[in-house]
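Scrolling down, you'll hit the structures one after another.
Here subunit A shows up in two complexes: once beside subunit B, once beside subunit C.
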Partner chain A sequence: MPLDTSTYSLALLRLDGRRWNELRRIHAQISTQAAADGSSYLEMGNTKVICTVTGPAEGRRTAQGAGQECRVEVEISVAGFSGVERKRRGRADKRTQEMQHTLTTAFSSILFTHLYPHSTIILTLHVLSQDGSLLAACLNAATLALIDAGIPMSDYLCACTAGSTANEDTDEPLLDLNGLEEQELPFLTAGVLGDSDKVAVLMLETRVRVERVEGMLAVAVDGCKRVRGILDAVVRAHGRRMVEEGV
Partner chain B sequence: MPREAELSLNEREFILQALRENVRLDGRAFDDIRELQLSFGDEYGVADVRLGKTSHNPFPDRKFDGIFTISTEFSPMASPAFEVGRPTEAETLLSRLLEKAIRRSSALDTEGLCIIAGLKCFALRADVHVLDHDGGLVDAACIALVAALRHFRRPDVRVEGENVTVYSVREREPVPLSLLHHPLCVTFSYFNGGEVVLVDANLVEEQVREAEVVVTMNRHGEVCQVAKYGGLPIDALALLNCTNVALAKVQMLDKVIQQRLEEDAKRRDKGGLMAELNGDTLHKDDDRLDRTTDWLAWVSEWIEKAIGLTVGVVAQRYAVRCMGVSEGGTGRGKARARALEEGEGETVRAM
Partner chain C sequence: MPFTILPPAPAIPFNHPHHYAASDNDSLSSADEMDIDTTTARPTKRARLSRSLVTPGETVTSDPQWMRGHGTYIPSDSTSIVSTVAGTVLKTNKLLSITPLRARYTPEIGDLVIGRIAEVQSRRWRVDISAPLLGALPLSAINLPGGILRKRTAVDELNMRAFFSEGDLLVAEVQSVFADGSASLHTRSLKYGKLRNGYFMAVSGLQFGYRARGGEVDVVLGVNGFIWIARHVEQAKDVAVTRLEESVSLSIYSSQNDEIGPQTRREIARVAGCIRALVEAGARVDEDMVVRAYEASLELDFETEGREDAGGEFLGGEKGKRIVEMALGSATS
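What follows is the complex of A and B.
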């Protein structure tokens, strides 16, 4: 879908009226499902994801598991109505499988898996609406749900995307792309551990000059820290409410 | 479901200890790539990869593009952990990475596979078969795929209105694919909390590593894809450094592939009628023709000169005879001159 982003250089305002370093509205809730051990609902702009955590519980295949550490299993289902056109994405879809693998390996190294030998943590994510930054939204929602489930982890894993404007002479990085911008511009998704500069997840899928990567990564890491602030506020507000209501 | 045999604790500790002492088990430096062996089959497009081709109907939403698919297959021959039929996670990731590295970065110009817009196009299918697995699967598969695409020739076609003639290899020299750039993958492995970085880890090192980063670049310095699926968190600056290292490696690998392709092209170039009809080899025949014409010209020139010389000599003699300055004539002339000297000389003196 061709899209005219040439107006950006004039007003320095993006299609949805943001400046280059502005995040979209992030709205998050935790403990949304009573039945799950931990659950969360996250909106990053128009991307909406719901996540539930089951476990740590005895896994389906404990006999074969590594034993000393718990397994992390991730299932992502993308609703048919989530995109612009109705399209059914099956379980065998490679993009979904890749995202599942990313979440599994990312959280396996961040959660204290050695505390739960012979067990499994199952993360189930449902994508209700897609408008860019899907992987970032899934990572953020999973972090919140795992915190809600009370599973010890070293720090928040917060993610966001960063892109680079298309014109050749000036390469200005952009933070948190929406769906239209993602189709048009080169972008990367970074997942950063807490307040550090340590990158746990990095996915770049579009061809881009090597010089631009540095700017994009710097903006993405900075954005992740701001996402962490927002998620932390959500968790603390929820904690306060729990104390007040005595749940 | 068979699984990869896990390393024993001793082996694991041995590898890590060696790495702490800056030693790799196979004696390579940390940023060394294993030696690249690349050979091509007898048919075009067979490297470690086989490429098939059929004429096909294009997808209705992409009328001007041909079809290009990559499929990967792990056979149990490569590793006992692989099973036939059931795609493992590693296989899914490999095909996804190749897809991102080569298809999404538009390395292959799929519009070049289009014959008639919306009606006919070539469908190109790349089958990657893993024959042996000793780590670095993504890197190897990517090299094989790019080499095969660069090696492959598709049959030539002629379009007359709605009629398409596909010429066999015997009728017309097949056409190489149009590749816009040549992406290659380099995998970085992290050990000991990110202190040790290895390029192109082998299988045992892969089992011990704490994080991996796959960087795909082309030799022009464009990053086509970066994938770090979780694992140990790495400092952002260290990740940026990866791209610089990857660029040097990719340029080196690209040179090797180029060299091997040239060697293969030389081996294939046997001459003959097809070679003469082919545009590439035409100038070579021209050379030979030039040499022949040169020789002919030289001979004719030589003959011409010889004839010219003889004719010249004969003509000179004739002219000399006519003018009376030949052997006999000189006598007469000399006599007159002498007479003049003797007789008229006196008269002159007398005058």
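What follows is the complex of A and C.
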């Protein structure tokens, strides 16, 4: 039975019934795969991502010789069944490659890579279902998996998206866009370091009026802090269970 | 729009991160009378119980009297100590360090490790010991057949694959750790060397290395989380160092498994099943717990012998849980 959405616009509710500053339901688990060094599963609404961490381990020797810091390699695979229409995204897909690059640069700066010289950390992400905020979900899942792997990092890297409604009279920013909203509205993805206001990742791919960006960014940064609270609760619950069970 | 209607998992209760941070800070700053930890350098999971839990980015303390240890850092713009991993706080005198809940093995001198040969290079092997870097086993750090007093020759260098080749398992000790954290191993004792006639398994993060011998099976628990369960071999009586060469024959580098009887195989599988049950239940794996779990599994089999619900030899699922419960119960009593 389809939901009756006829009154949503009157009450200033969005397509899925949220208010402008509401996050979708975030559900996360860590240590999901016993064989991996670190692993996580994250749902942000209908976007579902699995992440596994391998390493730090001695990786392939590069031609220029491994430096004094460990390398971060990211592999994202988008399942064919994850979107609305079945589509195969190959390894050489430009959008996937860009996301991989974003994650690599973001985590290279946040992890304490100097502690593991000559080694490699491999992040493998599998997108099971996509419904907006894909990059944000990947960043959050990777953060959880890296914490599970016990790799030192300066703080949580939490990400979420913010959009802006286009019409002139209501210039309201929106938090955490879903797939439909992402197609309609200009949006940005922000990744924030913990409780600080340090923005580690900022991605804006759509055309938007310059004066709206500030409002969008402020909403996104605020959302990231709320995401951090949720992820932190997941890590703490898991940690407490581990401490208690290892009698 | 991909709508799936699923019964939602119970929402995670939202905990404000500062709530814990505040209480943890209080416990630290009020510790003026300096509690000196009498525990050993490596805490077992049992010792962790009393310690407070921190997550990355959390300020552990802003008191300048503490020194920062592993798992912490001091941001450039402040003087407070901030955690970098999720783990428990460990205080050693004035040193604050965080023991991660789970992390890859970091080699330390004297650790008993089990490794797998990854590469054969000139005059040394590279060994996978599940550390961030491969360990090195120099040709000069193994017992050469014909006695330890024999000189290493060019022929040995050419025959390195006769001792260890890629994929071989061995038990060794960490002799030294280099500046980049990679380990140098040695097998210069009859206790160490090539492994055969057994079963390999890997768990993450053991606290101590053990070598237990008893009955029909030998169990070696490497500190690096690798475990070797093998048929018991009669250890040569303690031999004088000068007579060592007589007991070091070429057979110690044999890769050929001996004939193992079904009874021994069953015992090996039982030990492996017990360890797997312990790992699944999140209990610690050490000599004590493995022995207890093994005894519990024997007891359980004795109780249910001949009954319908005996469940065969599989030690997972409900039976595994029972075994862990019994093992934990006997540990506390």
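As a convention for this text, the second predicted complex is superposed on the first by the 232 of 247 C-alpha atoms of A that agree within 3 Å, B and C clash if a C-alpha of one lies under 4 Å from a C-alpha of the other, contacts with A are read in each partner's own complex, and residues count from 1 in each chain.
Here is the rule we go by: a residue touches a chain if its C-beta (ideal position, glycine included) is under 8 Å from a C-beta of that chain, and two chains touch if they have at least 3 such contacts.
Remember, it's a predicted structure, so these values are computed and weren't measured experimentally.
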{"item": "Superposition on subunit A - do subunit B and subunit C clash or fit", "value": "fit"}
{"item": "Inter-chain angle, subunit B to subunit C through the CA centre of subunit A, in degrees rounded to a multiple of 10", "value": "140"}
{"item": "Which of subunit B and subunit C A:V199 touches, first, second, both or neither", "value": "first"}
{"item": "Partner chain(s) touched by A:E214 [first = subunit B, second = subunit C, both, neither]", "value": "first"}
{"item": "First (subunit B), second (subunit C), both or neither touched by A:Q97", "value": "first"}
{"item": "Subunit B versus subunit C as contact partner of A:V234, first or second or both or neither", "value": "second"}
{"item": "First (subunit B), second (subunit C), both or neither touched by A:G80", "value": "neither"}
{"item": "Partner chain(s) touched by A:P56 [first = subunit B, second = subunit C, both, neither]", "value": "second"}
{"item": "Partner chain in contact with A:D148 - subunit B first, subunit C second, else both or neither", "value": "second"}
{"item": "Contact breadth on subunit A, by residue count: subunit C or subunit B", "value": "C"}
{"item": "Least Cα gap, in Å, left between subunit B and subunit C after the two complexes are fitted on chain A", "value": "10"}
{"item": "Residues of subunit A that lie at the interface with subunit B and also at the interface with subunit C", "value": "193"}
{"item": "Complex contact set, residues of subunit A against subunit B", "value": "64, 94-95, 97-98, 101-110, 188, 191-193, 196-211, 213-214, 217-218, 221"}
{"item": "Residues on subunit B engaged by subunit A in the complex (per definition of touch)", "value": "1, 3, 89, 92-93, 95-96, 99-100, 104-106, 210-211, 213, 217, 221-237, 239-240, 243-244, 247"}
{"item": "For the subunit A and subunit C complex, residues of the former touching the latter", "value": "25-28, 31, 34, 37-38, 46, 55-58, 70, 83-84, 112, 115-119, 129, 131, 147-156, 179-180, 193-195, 228-230, 232-247"}
{"item": "Touching residues (chain side subunit C, partner subunit A) in the complex", "value": "1-4, 8-9, 11-17, 20, 45-46, 48-49, 51, 53, 55-57, 71, 73, 75, 82, 84-88, 100-104, 132-134, 180-182, 204, 279-284, 328, 331-332"}
